[in-house]
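Same chain, two partners: chain A is paired with chain B first, then with chain C.
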Partner chain A sequence: MLGLYRHGESVLHRLPAGSKLLGLVIAGTAIFLIANPFHIAGILVLVCVAYRIAGLDARTLIAQIRPALWLLALIFALQLWLNDWQAGALVTLRLSTLILLASLVTLTTQVSAMLAAMERGLAPLRHFGVDPSRVSLALSMALRFIPLIADVTAQVREAQKARGLERSVIAVAVPVILRLLKMADDIADAIDARS
Partner chain B sequence: MSTRDIVHIALFAAFTAALGLFPPVTLPLTGVPITAQSMGPMLAGAIIGARKGFLSQALLLVLVAAGLPLLAGGRGGFGVFLGPTGGFLLGWAISAWLIGWLFERNWRNLTALKATAYIFIGGIPALYLIGTAWVAVVVDLSYMQALLANAPFVAGDLVKVAIATIVAMTVRRAYPMMARA
Partner chain C sequence: MIRLAGVSHQFDERPVLEDLDLALSERRIGVVGANGSGKSTFARLLNGLIVPSLGTVTVDGLDTADHGKAVRRKVGFIFQNPDNQIVYPIVKEDIAFGLKRLDLPRAEKEARIASVLTRFGLDGLSERSTQTLSGGQKQLLAIAGVMIMEPEVIVFDEPTTLLDLRNRNHVAQVIAGLDQPVITVSHDLDLVRDYDRVLVFDEGRILADDVPGPALARYVAAMS
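Our next item is the complex of A and B:
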């Protein structure tokens, strides 16, 4: 399954997904409770060391934080304007640490292992009428549908091109959704017929 | 819950993910990126209803959390939930639920004006209420300050409300889902 996972053999890769998730929750809460920017900076250094241990290079590390950079800059400016630079440093360091730590878990855990761990975590919901096998069915179907929707969209755009409408969001979205809903009926009938 | 319901849930989880494939449009002057993806929860609620709409968005979030790059710009993993926009992601599920609930309750006498109002309520005030709470926590701002910081995004979201309403009403005419339920 394609994902953000980077293959490796490190200790972090070998840790069970469930423990990594639990660790992330605990560490994330702790990072929120710490109000000293220097302590957070210390943790940030530790997280960077952990990237090293996982065999991930600096480029990968920077790639994790890059999408959030402009937001972080905006937040820092906002804090600087409303409070002072210490508050700005605390908030931006805290966010960067959280994002990097969470991304580290994602980078070192296979999607299948993560889904299995989450399905186990959802198991207690059985008592509230959640059927785990139906959850698995929905998860695998959603993954299969994404490329299918891309195909249907490409076909509809091609058809609307003849009418000069391939750039109209509405003229593309409506036929795509209608086709998908009809397809959903067929798929449901097929699954029911086989079970 | 029937098999058809499960298929619908998976379909709208995937549809929202597919909306993220469209390149984001950057608003002039403010530089705020607008993605088509947040139309996903609006359409999910308006087309498949409250319960299924909610579950479809929850399903997408599970896949994102599991490490799949399904959000606009190829983002994914746990980091996005802890980042400043994490609250808006959780808000998608609530937004889809609220829009679905309003549509279901008023399905028989739905007008374009009502539909616009419902998608607006679920897609903007309700979503921002939740999203802003998270921004205020992670960015250490007061709620009002965080709300103002989010204001530039409203313009793009208004356009999305308009598009989602037209799409949802057209689909409703051609394929009335809730009338059968």
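Our next item is the complex of A and C:
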């Protein structure tokens, strides 16, 4: 989600983030209610056209689906073995459409707009004791710190590799956990200091 | 004015600071000392992130033990590692973080954000992922995120330690240009050389409290 946004002026870029997220939820549900693979294929074509409308090229489109190809192939093979090729086509087409649609929303929506829309969308939960601003902060922090944790892990792995300990899970896990705990303390202090 | 009266602090019965009596009113105050001398604990006492085990710390008469939030509004704090201070994934969102709890009109919030972005040279980066910024840009963002709250005093805890020379010089210039009184904890002696006052810490006590020349000379002698 982070860093995927592509700047643009298309109608899809200009649509409110809340509408796009709502549209994604509705379309995602509808896709699983349609049982005809040809109809799903038609929707997939429409999604590809939407990429074009958003000013995104074929390379960008392929880049969204490529990481999931092995999983799609596995699911297709499993369905083929358990059911038939039509069932395999239906499931893989559904998932491909959903992945491309979700990526399209991400590619055309700034993270800040998406988080603000989520916060607004969660507002009714206030009646059940849920604070939408806290949920939004938690989501933001997850987006912020996932790459940072990956960086810390990479640094520790590199340091242990230099010591010939790259195969030791403990040699990597212990320093990573200690650094993350220290980081968590500092972040809590920073939030206190800034709010 | 920040006052420390009879302040001592300990972690798990290990004394970290002992018997400090200070009044901090100068425009630029530097804090130097060896690792583990109590500098960072001292800095955290100043905005109530840590409450002293003994004695009182007051900011404009407000005791940090009783008025932590109000004190933190007055005393901004910049951490050594900006990665631990930046909490939002997008530059503009992170700058706006502190404002969320203030009851300000949207237009004023937007104006403050735009002004801070420009002031710290971040306006071209407002929609960038914070993860993709350089170390210097991250430190500037951390400073901007605190400055937007318009604190009356700013405490820096080793603000240039993780920076290369160019970014170090840029951040030093930014700090020098701040209107507010600044208290800077640093190992970088050049950073505090033209300050009004320097406190030298040694094993939790004040070894020297003077203008930079004699204070830094005492520190260098103690470290030799």
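Please note the rule applied: the second predicted complex is superposed on the first by the 127 of 195 C-alpha atoms of A that agree within 3 Å, B and C clash if a C-alpha of one lies under 4 Å from a C-alpha of the other, contacts with A are read in each partner's own complex, and residues count from 1 in each chain.
Going forward, contacts are C-beta pairs under 8 Å (C-beta built on N, C-alpha and C of every residue); 3 or more make two chains touch, one makes a residue touch a chain.
Note that this is a predicted model, so its numbers are computed, not measured.
Applying the document's definition of touch, where does A:S133 land relative to chain B and chain C: first, second, both, or neither?
Only chain C is touched by A:S133; chain B is not.
Considering only the touch criterion stated at the top, classify A:L143 as touching first (chain B), second (chain C), both, or neither.
both
Give one of first, second, both or neither to describe whether A:D192 is in contact with chain B, with chain C, with both, or with none.
It touches chain B and chain C both.
Touching A:P67 in the superposition: chain B (first), chain C (second), both, neither?
first
Is A:V111 touching anything from chain B or chain C once the two structures are fitted on A? First, second, both or neither.
Both partners, chain B and chain C.
After superposition on the shared chain, which partner residues are touched by A:E9: those of chain B (first), chain C (second), both, or neither?
In the superposed model, A:E9 contacts neither chain B nor chain C.
One more residue to check, A:I99. First (chain B), second (chain C), both or neither?
A:I99 contacts chain B only, not chain C.
If we overlay the two complexes on their shared chain A, which of chain B and chain C does A:L78 touch? Say first, second, both or neither.
In the superposition, A:L78 contacts chain B only.
Comparing chain B against chain C, which has contacts with more of the residues in chain A?
When the residues of chain A touched by each partner are counted, B comes out ahead.
Would you please give the residues of chain A that touch chain B in one complex and also touch chain C in the other complex?
Correct list for chain A: 2-3, 5, 110-111, 115, 137, 141, 143-144, 148, 187, 191-192, 195.
Mind pulling up the chain A residues that touch chain B in the complex?
1-5, 24, 28, 64, 67-68, 71, 74-75, 78-79, 82, 87, 90-91, 94-95, 98-100, 102-103, 105-107, 109-111, 114-115, 118, 131, 134, 137-139, 141-146, 148-150, 153, 169-170, 173-174, 177-178, 180-182, 184-185, 187-188, 191-192, 195
With touch defined as at the start, can you tell me which chain A residues reach chain C in the complex?
Listed in rising order, the residues of chain A that touch chain C are 2-3, 5, 7, 110-112, 115, 133, 137, 140-141, 143-144, 147-148, 183, 186-187, 189-195.
Along chain C, where are the residues that touch chain A in the complex?
Checking each residue of chain C against chain A gives 44, 47, 49, 68, 72, 76-77, 79, 81, 83-90, 92-93, 97-98, 100-101, 127, 129-132, 145-146, 149.
Where on chain B does chain A make contact in their complex?
1-4, 6-11, 13-15, 17-18, 21, 36, 43, 47, 55, 59-60, 62-63, 65-70, 73, 75-79, 81-85, 138-141, 145, 149, 163, 166-167, 170-171, 174-175, 177
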